[in-house]
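Each of the next two complexes has subunit A plus one more chain, namely subunit B in the first and subunit C in the second.
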Partner chain A sequence: MVDLIQETPRVASLVLDMPDWHGHDAGQHVDVRLTADDGYQAQRSYSIASAPEDSRLQITVERLEDGEVSPYLVGEVKVGDKVELRGPIGGYFVWKADTTTPLLLVAGGSGVVPLMAMLRHRSAAGSKVPTRLLYSSRTGDDIIYKEELDRVASSGDGVAVAYTLTRSQPSGWKGYARRIDSDMVREVAWPKQQSPIAFICGPTSFVESAAGLLVDLGYDPLRIKTERFGATGG
Partner chain B sequence: MDAAEAKVDGNAIGGLLSEIFTMEMTTAETTCASCGAVNAVGRVDVYLRAPGVVVRCPGCEQVLMRIVRGPDRFWIDLRGTRCLEFAAPE
Partner chain C sequence: MGFISRGFKGKRRDNVSSSRVPPGQHVVNDFPVLSAGPTPRVSVDQWTFSIVGEIDEPKRWTWQEFRALPAETVTKDIHCVTKWSKLDTSWTGVSVDNLLEGVETAADFVTVFSDGGYTTNLAIDDLTGNKAWVVYEYDGQPLHPEHGGPVRLLVPHLYFWKSAKWVRGLTLQNEEQPGFWESNGYHIRGDPWREQRYWGD
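Moving on to the complex of A and B:
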């Protein structure tokens, strides 16, 4: 590990120097394995946050207090330490910049990580695909990549970002302030006539309700790609 | 944690399946032996918090696969998968 970026109080990005890395696609993940002194092993999946074009691999990890792996990756591991991982993994939840149909990204919590890799890939590849991100977090402090997302959204490059905060909102908050619902999706999502492709990532219940809302809007279920990471993530 | 939240999807076993099949398998397509639904592995329901991995059809919830990984071997039950289709490696 060559760098550690504290994204929010509970979320950090690990920047890894991988000499034998053969590249990845935006949306893929890696499996990180920890081995204790007594040989006990624990393994969890973490999404890749960096673009395929980036020189260094980055994964973003949310610390779960009762987790077996994440408290080590966010809190204990130090620059210079080695991390055992395998990957890249996945081919289903992947977006490539040569796609031309409008892109809709829907994130719940740290589900934004693989979608960030897609946005970074889009920028790095010079894609102009019209893109919208709907990103649900609990509080303002929990928004990962906020600065970068705001910068991308204000760059006039064809990316719009809509936030919703479900638990509490800072004073003067201009985004949504509720759980994702059909009115919100209707306002943010591309109309079905534009044949958009959608990627949804987050906790299982979030993903299933968001996917259901898009199907209700008339989206083709086969053009809604989902990645569910359970109640809490890895 | 309730059962609904314990559910993830086939993306979560991409690493395990690549160990077994030595290739990317989340884009492979499964045909459910029970209802005949065809789904990409990335779309199917997966339960990791069992003695092994349990894979279920997102349509009818029947078991498609059960995979147990021991210290030095795998046990794979594919009774619920009528067909597993994937591109041959280049």
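Moving on to the complex of A and C:
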């Protein structure tokens, strides 16, 4: 590990120098395996946050207090430590920059990580595909990659970012301030006539809700790709 | 590979017999949901279960007919490729042996198909011999749509993606056709005890 970026109080990005890495697609994940000195092992999956074009692999991990692996990755591991991982894994929840239809990204919490890889891939590949991100977090402090997202959104490059904060909002907050609902999706999502492709990632209840709202809007279910995580494991 | 992770202690769960937890898995108490797309909206009025393909007379049951088949309740440990295992889960449904009773087929493989377009492939030997069920109750309650309701497959001795949600039938085949996840990087058979997670395992 060559760098550690504290993204929010509970979320960190691990930057890894992987000399033998053979590349990945935006949206894929890796399996991290930890081994204790008595041989005990634990494995979990984490989404890749970096673009395929980036020289270094980055994973972003949310610390779950009752977790087994995430408290090690966010809190214990230090620059210079070795981290054993396997991947890339998954061939379905991926977006490639040669896609031309409008892109809708819907993130709940740390579900933004694989979607960030897609945004980074889009920029690195010079794609101009019209792109919208709807990103739900609990509080302003919980927004991961906030500076980078604001920069991308204001660059005039065809990316719009809409935030919603479900628990509390900083003073002067101009984004949404409620759970994702049909009005919000109607305002942010591309109309179905544009044949958008949608990627949704977040906790199960969030993904169920968001995917259902897009189906209600007339989205083709086969063009809604989902990835879910429970509050388990870590 | 296989080096010590400096400072890692882990949370050993001494109360769980390791003989029940395959390598690389950990036990959970909740029931995580994993699906590749939206949860399909399935009405039991429209629902049927079919056996088609390499079969002389294809079979088909309506919801009422299916529910009238002999049911059994089984308690099984399940293992998801995303590394959680859940012990002692209770399911009610019809065994695949029962569904295939009287079926003459030379097929060695099955493609399971579901609402929403999902498929998964299995050897017929992994579906027969009291190893697989088509279930509509979990823990004594109707199966929730998120978990595959109204009806899902249960093949507990393989990774849980083989236990297709929203199942609508079986296509009997002479040759194995990789299903949805099997075409997207996941192992063709998926035996958790041999840790057959991905291509190349």
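In this text, the second predicted complex is superposed on the first by the 232 of 234 C-alpha atoms of A that agree within 3 Å, B and C clash if a C-alpha of one lies under 4 Å from a C-alpha of the other, contacts with A are read in each partner's own complex, and residues count from 1 in each chain.
Keep in mind that, in the parts below, a residue touches a chain if its C-beta (ideal position, glycine included) is under 8 Å from a C-beta of that chain, and two chains touch if they have at least 3 such contacts.
None of the values given here were measured: they were computed from a predicted structure.
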Practice prompt. Following the overlay on subunit A, give me a clash-or-fit verdict for subunit B and subunit C.
Written response: clash
Worksheet item: Can A:L34 be said to touch subunit B (first), subunit C (second), both, or neither?
Response: second
Fill in: Partner chain in contact with A:L149 - subunit B first, subunit C second, else both or neither
neither
Worksheet item: So, does A:T226 touch the first partner subunit B, the second partner subunit C, both, or neither?
Response: both
Discussion item. Contacts for A:A26 in the overlay, against subunit B (first) and subunit C (second): which applies, first, second, both or neither?
Written reply: neither
Worksheet item: Who does A:V11 touch here: subunit B (first), subunit C (second), both, or neither?
Response: neither
Worksheet item: Who does A:A42 touch here: subunit B (first), subunit C (second), both, or neither?
Response: second
Discussion item. Can you tell me whether subunit B or subunit C touches more residues on subunit A?
Written reply: C
Discussion item. Quick one: is A:L165 in contact with subunit B, with subunit C, with both, or with neither? Answer first, second, both or neither.
Written reply: neither
Practice prompt. Identify which of the listed stretches of subunit C (1-9, 55-63, 73-81 or 91-99) has C-alpha atoms clashing with subunit B after the superposition.
Written response: 73-81
Item to complete: Could you tell me which stretches of subunit A are touched by subunit B in one complex and by subunit C in the other?
Response: 31, 45, 89-93, 204, 225-226, 228-231
Worksheet item: Can you list the residues on subunit A that touch subunit C in the complex?
Response: 31, 33-37, 40-45, 68, 72, 76-77, 81-84, 89-93, 204, 208, 211-212, 214-215, 221-222, 224-226, 228-233
Fill in: In the complex with subunit A, residue positions of subunit C that touch it
1-12, 24, 26, 28, 30-41, 82-84, 116-117, 146, 180-181, 183-185, 198
Response to the item:
subunit A contacts subunit B in the complex at 29, 31, 45, 86-87, 89-93, 203-205, 225-231
Item to complete: Note which residues of subunit B are touching subunit A in the complex, please.
Response: 1, 4-12, 14-15, 18, 24, 26-27, 40-43, 48
